[in-house]
Structure formats: structure tokens, C-alpha cells
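Going by the order they are written in, the chains are A, B, C and D; count residues from 1 in each one.
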Amino acid sequence: MIPIEKKIDILRIMYLIREFEIASRNIFKAHLAKGEFLGALHNCDGQEAVAASIGAILRKDDYVFTTFRGHGHSIAKGAEPKKMMAELLGKKTGYSKGRGGSMHMFDPSIGLMGGNGVVGGGLTLAVGAALSAQYRCSDQVSVCFFGDGAAAIGAFHEAINLASLWKLPVIFLCENNLWAATTPIKFGCPIENISERAKGYNCVGKSIDGNDVYTVYETFLSAVDRGRNGNGPSLIECKTYRHHPHCMVIPEHRPKDEKQMWLQRDPIPKFEKVLQNENILSNHQQEKIRNEIKKIIAEAIKFAEDSPLPTVDTLYDYIWA
Amino acid sequence: MRDITYTAALREALFEEMEIDESVFLIGEDIADFGGVFGVTKNLLQKFGRKRVCQTPISEGAIIGAAVGAAMTGLRPVAELMYVDFILFAMDQTVNQAAKLRYMSGGTVKVPVVIRAQQGCGTCEAAQHSQQLEAWFMHTPGLKVVIPSNPYDAKGLLKTAIRDDNPVIFLEHRMLYSARQQVPDDTWTIPFGRAEIKKSGKDITVVATSLCVHKALEVAKDNHFDIEVIDPRTLVPLDIDTIAESVVKTGRLLVVHESIAQCGVGAEIIRLITEQYFKAFKTAPKVLGGAYVPMPFAKVLEENAVPQKRDIIETINNMMKE
Amino acid sequence: MIPIEKKIDILRIMYLIREFEIASRNIFKAHLAKGEFLGALHNCDGQEAVAASIGAILRKDDYVFTTFRGHGHSIAKGAEPKKMMAELLGKKTGYSKGRGGSMHMFDPSIGLMGGNGVVGGGLTLAVGAALSAQYRCSDQVSVCFFGDGAAAIGAFHEAINLASLWKLPVIFLCENNLWAATTPIKFGCPIENISERAKGYNCVGKSIDGNDVYTVYETFLSAVDRGRNGNGPSLIECKTYRHHPHCMVIPEHRPKDEKQMWLQRDPIPKFEKVLQNENILSNHQQEKIRNEIKKIIAEAIKFAEDSPLPTVDTLYDYIWA
Amino acid sequence: MRDITYTAALREALFEEMEIDESVFLIGEDIADFGGVFGVTKNLLQKFGRKRVCQTPISEGAIIGAAVGAAMTGLRPVAELMYVDFILFAMDQTVNQAAKLRYMSGGTVKVPVVIRAQQGCGTCEAAQHSQQLEAWFMHTPGLKVVIPSNPYDAKGLLKTAIRDDNPVIFLEHRMLYSARQQVPDDTWTIPFGRAEIKKSGKDITVVATSLCVHKALEVAKDNHFDIEVIDPRTLVPLDIDTIAESVVKTGRLLVVHESIAQCGVGAEIIRLITEQYFKAFKTAPKVLGGAYVPMPFAKVLEENAVPQKRDIIETINNMMKE
């Protein structure tokens, strides 16, 4: 079903996300060692299958609203690693010119409507973007990423209710990685599958393996079709896991065996194996892509480091349009 | 010239801007078939259809959030909140999102949204229906704040608000909806950041907002002191120069508003003028604001919880004595 | 199942609510004619079966959180009409000493935790009262009334989610009267029965005829048992109808035939007929109760009118405990 | 005497009050097993169990609402908000409910709830994690507002807050958690409404809050002017008398805080002192507050968005020149 080039693209993006996350952690640690705190860093290693599959389906003009854990989604939507890296360092050349940092990268020209530091902060905004698409009779869709933790926030309810009432092209994409900061899912949600809530809004809901590219791809594809065809929103829950603690300053606290189990379900080797079995991916090719990615990341770091900081006289720039 | 109400003025502004610009639409509770609880959007459904007059469930967070999301993606929503008190369910969308998105995005995102909200007291609706929150919004970088006191200003400023590329909080006072005024036959806009001297005078500067402008003007009319009454009209941006010039002339400053005095608009105006024009004062500047109390229900208490004409007169008399 | 005296009590309370509402409208109109506006008045005529049935089950120490349309719930929980009437007039002898008015009547000594001017404002508070009951190992329950309109507010989601997670003794009691101010239910809710949402929280949900006393009684009784026994919250939707417009200042706008149909389902004659068929209620008895009620209301009005207003020097009283 | 951090001081207060009073309990996100993202509630789960250390979903509205409901019915909840920014999802519960319930009920309801929230900047967390909202709460009748600047005050004031029968907003600055101080071996409380003169002086009065108290004290230490530094500690109630006495003595008033200057705490203090002690001023009073900008991410910008020691020094020098 998925064209071969697309499959390779997806893997490529998964690599890129993974390498970006590794690099960003290293940079943050290096700065921390120098006594420079670069803010909160929330990495998404382990969740790449979701971002990459979705990125492969969306058009450039579709909207994505991401979270504080948004590097993967941004890369999958086409964000340039060098501008992202520069933003991480607060540089003038970063996506938000140093105003945003890790949690707030925007590029409306590629439909990247930004990260959000507020858990669930993007839910109602994504509904607005979908309303706008419907209003303009474009067939864009609006994707809102959020976590299992965010599913407890009141805005979730208001957003999905309005989207269902108005049949808006929104895809509510919940990445259920079983933890919200240090809180296990069972402390936050009294049901097994968050997607079951969809029924309460006459909305389509699906809970799927978020570490399996094909499953995510297929499920998301039909949700996008639903949206484009004017059939309203979908609530998709992808079960997945982050490989690292909630953010840089919080130590690991999750059960060892749980983590171990999920590391074995790492979506990257899993998808590599699939492609190898399909004879689409050779070792050589794999190596080649990995090297390209390494180069992109190295260039991004160099670009970011070489870039100037914003100057103090620009403090008040960009408050008003 | 013709005579219109504040409500009609607002409706004309909405009507005209919706006619000119297809990207302008309305979103809020009870605004379509019924035309809004205060009647501002009456007949707009009939003219523009459901696509552009979107009646929502009771979901203030989603109303503002959807408006902000639509504004980020090319539209110019005008959201209506029935009472500003209910924005307390939409503060994340208003303050964490609308106000900050442009800055956080380094100027790549634009949020041309207008949030119209009705506020005020005078109808015995008690503490959860009588807050006046302009001071909070002034304290929030990234929000423009408009607070018109008459039909002419209401229309001209609402049209400007809709054309502005930034989030604008537009605060209407419910006791003003039926206020009438002679206005020009053709249309107009009013730029933000221009206070208006509603009456000039040389003895004392009274800065008043919203309903209090009228109280101040009535006091000024038959007072033996020569009172200058200034209506800032927009609080962000604030035309501090016009106020300063007046204070330099009169040497006395009184600010009158219904919203709470503590950390309020009056305190801010006093801060600004005191910091820069301290020497101009002949006597201590003063704020007459809402009493430090959740708005009580009983008329007799409600009346005494906000400045009345007698309070303005008494304060002016005291200030002129010093 | 229901003891006979209780049945008569329920009817009595229904009469009392109806007469109170009629009287309050008359008073408001009379004042309006004198140019005195007494604030917003939201009457509940037509919805008496819900309030009265529930009141008959609750203990004095159970909690009730009501809304802006709360006269019926307050009376059913044992509030005194004279103190209510005094509050409507803003008198010092009223439940809130003239600070609250129609929307804000409180009497913690009978578990009446107040009306709320904010749609959905009581939802999370009721959860807190239930938490308090559970914490103190009392077997009190906490009842939260709200409307169909309120079911769209984010707090609904947060409240029911928390209550379900913690198995709190809350009864979320939705009076679905088909309209939220001037907005029909289909503009606010994309599903037929609001109680279907309960599943999304692993909570028990029921949608019932809210104009039928026995149905409300039975359903509510089992919800109360559930709560008292530590088995968590319930979401009960009572389909009902208000006989008058949203509030005094809003003209009628609902379809004539819809209203006509519901007037024929008026819960009071309906319950009278039931009791007559059961040979519990004679015409004479009915007349007697009605006369008692009329007297109570007349006394309440007199008490309210004779009571003094609060004095201005007390403006700042009761801000702080 | 012994040396403790601000974090430990807060934890001691919670621990002691929970031990004394069974009706005190904690509610918030990540507060149980992990002990709170800033570690304040560490080990309290182990000591008091899940009944009294309630870890919630991410539902700020329900956290505050449940705390308020519990407070209305006999308990004394202490709610924790990880960042004050997230109270924007709980403003109805905080402002429409907690603040107003007692008044609206004519004094029949009591709401002894403490809302602890962490705020501040200095860690490059940008606009949605760096707001400081004490001015809003001062503008809301019915809320007490506490803003401790050191471990001794943090402990003593938190204990008082928990014993208070009213809603208290308790604002902790995240750059203070590791601040250390010598404190007594036994326990203490501090009454609300008592400012502390952290350093006395005769040339100028500097009123500072939270982290800015330390900046002001450092400036005062080796300055050639004799600076008086006052920390109000509680903003509601506000000990205006202590400030006024100082201004009467020095004739000069500077207020320093990180929160936004517009309609802020400084503006309010200037209003109060100016209205009543105008003649005391030798020179115009001044506020150094947060810049009118959503908090930027980059360190170089963040630092320049709040008052620094150099700003305080420069301002004092200018004020002393006049």
C-alpha cells in the first residue's frame, strides 16, 4: 500500500528524529556542564513511528499543533534541523528567533503551528485551524498531538465536542506513552483505551500500536481521508513509550522491566526489520542514510553554534503584528 | 447625523466589517438565531448565514481556542463572551496562547482575533456576573485592550479592532447598551491609542473609563470647578501623553473606574504619571475604583461598591481644597 | 417501594417548588414595574420531579451543589422559603444576607452548598465535597446538578474523570431540558444521551424520564447506594423541560408544539394521577396540601417584604472568615 | 540554629501542619511518589499515605475545584500547581469560586484552601512557564496573597496560610528553592500582614518581593547610599503602614519585582503611598518591574526582561540625584 520511496522516507525521518534527540541531549548536557541551563528539554526517542508515519501522509499545507515534546512532529512536518537546533540554543536564526526554545518552534509556512508548553494547550487551537480550513473550503486537515496526560484536561472535552458537532477536519492524536511526567496512566485515566471516549462525541476512535509504522500509517490515512471528505474528526490513540525520562532534569523513575520491554519494541529496529524482510532496505543503504543524517545533524549543530544570539535591543520585537 | 444605540453601533461595526472582509466571522453562545443575549448580533445570521455566525456550545475555552486557531490560519474571528466572568474558563486560550503566540513564534504567527465581552454592574447579578477585568489584560503583554464608553467610539473602535492583526480584548459595559448618541451618516474608524478629551477644563484632570465617563461628565457639567474629563478609550495602547499634558495643565489627577482599585487601571495611570510628571502635581493624585469586595447582589450594596457621582464630587472637592 | 408518606412528601415539595417559582416571578415582575431590577431569575417550573424525588432520598448531611436555576433543588434539600424569598429581595434575613440573590443561596447546615452563576461552576466543587466525605469516612454523598448546556464545559470532563479515578461518592445529575438559554441541545451535544459519556470514565450512566417521579427516585436511589458503598460516581441524565423561558428577561423562542407537548407531560398532574390511581391521594387531601403551601408562600413573601435591607456599613462584611 | 533550604522549609511546614491537623491534605500533580517536580513534597507520601497526598491527573481545574469543595466541607487542602501559568486552566475555580464563595454566601461558607504555586524566571522556560501573577490575585477580592523570599518566611507563612480560614495563594519562586538560611531549631509561624524591614536605611525605601528582595539586599550591602529594604511578604493583607513609615523617613520609594509593571504590585503600592503620603516624597516614586513582553527563551533576553542589580543601582542613583 505504501509506495517504496515513502517507506524509506519514513525510516529516514525516524533516523533524523532519533539523531536530533540524541544531539540535543548532548548539547544540553554540555551546556549544563558549563553552568548554562537551556530550559526544559523533552525528548521523544522511542515515539518516532508516530511522528514519521503521520508526516508521510500530511500535505505541506495541513496543520500540525504539537506539544512541549515536539521535535519529532516538527521534523516529520518538514522543519529544518538547523533552525530547530538554533532555536534550542536561543539563537537569532532559530525558528522563533530565540524567543521560543525547545517547546515553541513555529513555521506556519510548512503548517507547523507550534509547540505548546501547556499540556493540552493546543487542543482547542487545532479545532480553530480545522474550522478555518472548513470555512475556506480548503481540504486541509488539522492534527493535534497530545499525551495520555493531556487527555485529562478539560480542553480535551471542549475541543472534541466542538469538532464533532461541526464535523471539523481534526485528528486528535494521542501519544499514550503510559506516563505523564512521573504519573502512571492509571492515575490519570480510569479506562483502558483513551479512544473509547470518542463514542461520547459521536466521533471515530481507534487505539493502536504506536510503534508499528504500518498500523499508524493506515489508521492515520483513513482519519485524514475522513477529515478531508468532510466527515469530521477522529481520535487516535497510539500506544508507545519514551526511552528517556520526562525531561532532562527529572531522573528515571519508571520500572526497569517495563522500560526494558519497551526498548525491545523500539520502533526503529522494528521498522528496519520490516523493510529488510520486504527486501527494500539493504545494509548498505541503511548505512548510507544514517550517514546522511549524521551529516545533517552535524551541520545543524554547527549552524546553531555559529549563529548569533538575539541582541538585547530586540527584546521588544515581535510582540505586535 | 442620526441617533443610534451602543448596541446598534456595535452591530453596524460587525455588519460592515463582515461585508468588507469575508474572513471575518462571529463565534459565541446564543449569537445566531437569538442574536446574542444583549442583542448585539441580531439579524446577522439572517444576513450572513451559519457559516459566519457560529453558535457554540457552552465551552468558553473552545470558543476562544477555536477563534485563536482560526486567527492563526488566516481568518479574523470575533468571539463573544456573554459575560467577561466566563473568560475565567478560557484564560489559558486568552493569556497563555493568544497573547503569547506571536512573540513565542518570533513573529511568524499572527493572531488577529477580537474577544468581545460584556462586563459591568448595575443589574444586581452579583459576584459571578459583575467582574470588570481590564486590569488583568493590561497586565498581560500581547493583548490590546479597548473599552468604549459611547456608540461612536464603540463602532469606530470595534472596526479598528477587527482590522488589527493582534488579539484585542473589547470590553462593553452592559449599562451602556441602550446609551444613545448622534453619529455621522457614513462610517468611521477610530485609531487605537488616542484618548479623547470629552470635556476640557483647567482645574482638575479626571480620567474615566466606560460607564464612569458619563458619571464624570455629569459631574463636570454643573460643577463650580472646571473639570477636564479624559476617556482613554483604549488601555493598551494607552495614550499617556494626552493624560500627562492635561495633568501638567491642571496639576490634579483623579482616575475613576468601576473595576477594583487594587492593582487596577487607576493605579497604573498614577504610576505612569507620577514617575514622569511628579512635579506637575499640586496635590496627591487619586483613584476612585470598585470597592475591594466581590460584587454584592442587593442594589443598595451594589451601588455602594462602585464610584457614584456623589463620590466623584466629594473627591474632587477634597482634592481642590488641598 | 416508596413509603406512602414519602410519596405525599414528594408531591408536597413539588407543589412548594411550583408555587415558589410562580410567586418569585410575580415579585420580580412587580418590582420591574416599579423600575427595580432584581437581577436574573431562572425558574424551574416543569422540572420539579427531579428535585423533589432526589430531595426525598438525600440525608440532611448529604451535599447538594446547584446552579443558577436552583430554587427547586434548594427547597427539596430543605431550604426555608422565607429565607429564600428574602434573599431574592436582597434582604439581610436572606440566606446570603443579600449578598447572593437568586443564584447564590447557601445553607451548609442542611448540605445546601449553594447555587452557581457559572454554568458548570459546581462540577469540580462537588467532587471536592465527595472527596471530603470519603476522607472523613462519612457515608455522605455529593450531588451536582447541572444542565444539558453545562455538559459541554471542560470542567465536566475533569470532574467526572477525577471522581471515577478516586471512586468518589458523587452523583452528576444532568437535567437535560433540551435548551441552554436559547440554544437547542443539538447545537451543544452531538449524541442522543449525555449519559453515554459515562463509559468513557468507567462510570455508571443512565438516561431517564425526568418527569416521572418513580423513575427518578429508583435511579437516583441506586446511584446514592453506589456512592455510599464506595462504588464511585454516577452520571444520571433526566430528560425534562422548563415551562418558562431561560430567565425573566429573555422572551420565549422555543417551538410552540414542543412546548405544548411538554406541558402535557407536566410532572405535577402526572404524579397526582399516579397517586390518585394508587388511592393514596384524595381530592380533599390534595386541596389541603395546596392550601398549606399557599400559606407558606404567603408567609415567605410577607417575611421577605418586612425584612430590612442590609445597611451600607456592612458592605465589607463576610469577605473574610 | 540550623541551615535549611527554602524547599525544606516548605516541606517542614507541610509536615508539621499535617501532623497537627488531620484535616490537612495535599493535592496536585506528581506530588506523591516523586515528591513534586521541585521536590517540596518529597517523602510526605511515605509518612502520610495516599489518603493525604493525593496525586491527580493533569486537571488543574479539578485540582483547585476539588480542593475548594473539600475546604467548603471541613478539610484544609493544600493544592500544588507546578507552575502558576497552569492556574489559567483553573481561574474559574480560583476566582469565580474560591475567592467569592464566602461573600456570596453571606458568610455561611468557609474556604480554607491554600494554593501553592511555583513561579518566576531564570531557567529559560519561556513565556508559558514564567508568568508571575500576584497582581491579578491582589486585584481579586477574597484571596490572600503570600510571596515569601526566604526559608524562614516560607515556613512560617505557609503554616499560617494552612491555618487561615480563607483561600490563600502562596507563590514560591523557583530560583529560591535552593536558597539557604539559618533558622531556629524549634518551629514558628509568621502572621500575615507584617512586612519585614530586611535592612534599615535612611536614604531611600526599596520595597521588593520574592527573588528581588535578594537583589535589593545585595545592592544595599555595598552601596554608598543608606538603603532601606522592605519585604511585604504578604500582599493581601498588605502592611502599607510599615512602607509608609519608611517613606516618611526616607522620602524616596522604589518598588522592585519581576512581575509585569503595568497594573502591577508596584503600581498599587505607589497608588497607596501617593494617595496618602504624597507630601513625604522628595522625588518621584518608581517601579522596576518585568518588561512588557511575554517572557523570552534566550538567556540574554530573559535576563533583560526582569530587573537586575545593575538596574536597581542605576535607578537608585538617578533617584538620589533628583
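A few remarks follow.
Assume a residue touches a chain if its C-beta (ideal position, glycine included) is under 8 Å from a C-beta of that chain, and two chains touch if they have at least 3 such contacts.
What you are looking at is a predicted structure, and each value in this text was computed from that prediction instead of being measured.
Summarising the inter-chain layout, the chain whose CA centre lies farthest from the centre of chain C is A. A straight line joining the Cα centres of chain B and chain C is 36 Å long. The mean-CA centres of chain C and chain D are about 40 angstrom from one another, to the nearest whole unit. Each chain gets one centre point, the mean of its Cα atoms, and the points for chain B and chain D are 30 Å apart. Looking at chain D, one finds that residues 56-57, 59, 61-62, 85, 88-89, 92, 96, 103-104, 126-128, 141-142, 291-294, 296 touch two or more other chains.
For chain C, residues that reach two or more other chains under the stated contact definition are 96, 98-100, 104, 116-118, 121, 152-155, 158, 161, 165, 187-189, 319. Taken as a contact graph, the chains are fully connected, with every chain touching every other chain. By the touch criterion given at the top, residues 85, 88-89, 91-92, 95-96, 99-100, 103-104, 126-128, 131, 135-136, 138-142, 260-268, 270-271, 274-276, 278-279, 281, 283-287, 291-294, 296 of chain B touch chain D in their complex. By the touch criterion stated above, chain C contacts chain B in their complex at residues 36-40, 87, 90-91, 96, 98-101, 103-104, 116-121, 149-150, 152-155, 180-183, 187-189, 250, 253, 309-312, 314-316, 319. Residues 25, 51, 54, 56-57, 59, 61-62, 64-75, 77, 92-93, 96-97, 101-112, 141-142, 165-166 of chain B are the ones touching chain A in the complex. Residues 63, 65, 94-100, 104, 106-109, 113-114, 116-118, 121, 123-133, 135-136, 142, 154-155, 158-159, 161-162, 165-166, 317-321 of chain A are the ones that touch chain B when the two sit in their complex. Every residue of chain B that touches chain C in the complex is listed here, in rising order: 29-30, 33-34, 37, 55-62, 85-86, 88-89, 123-129, 291-294, 296-301, 304-305.
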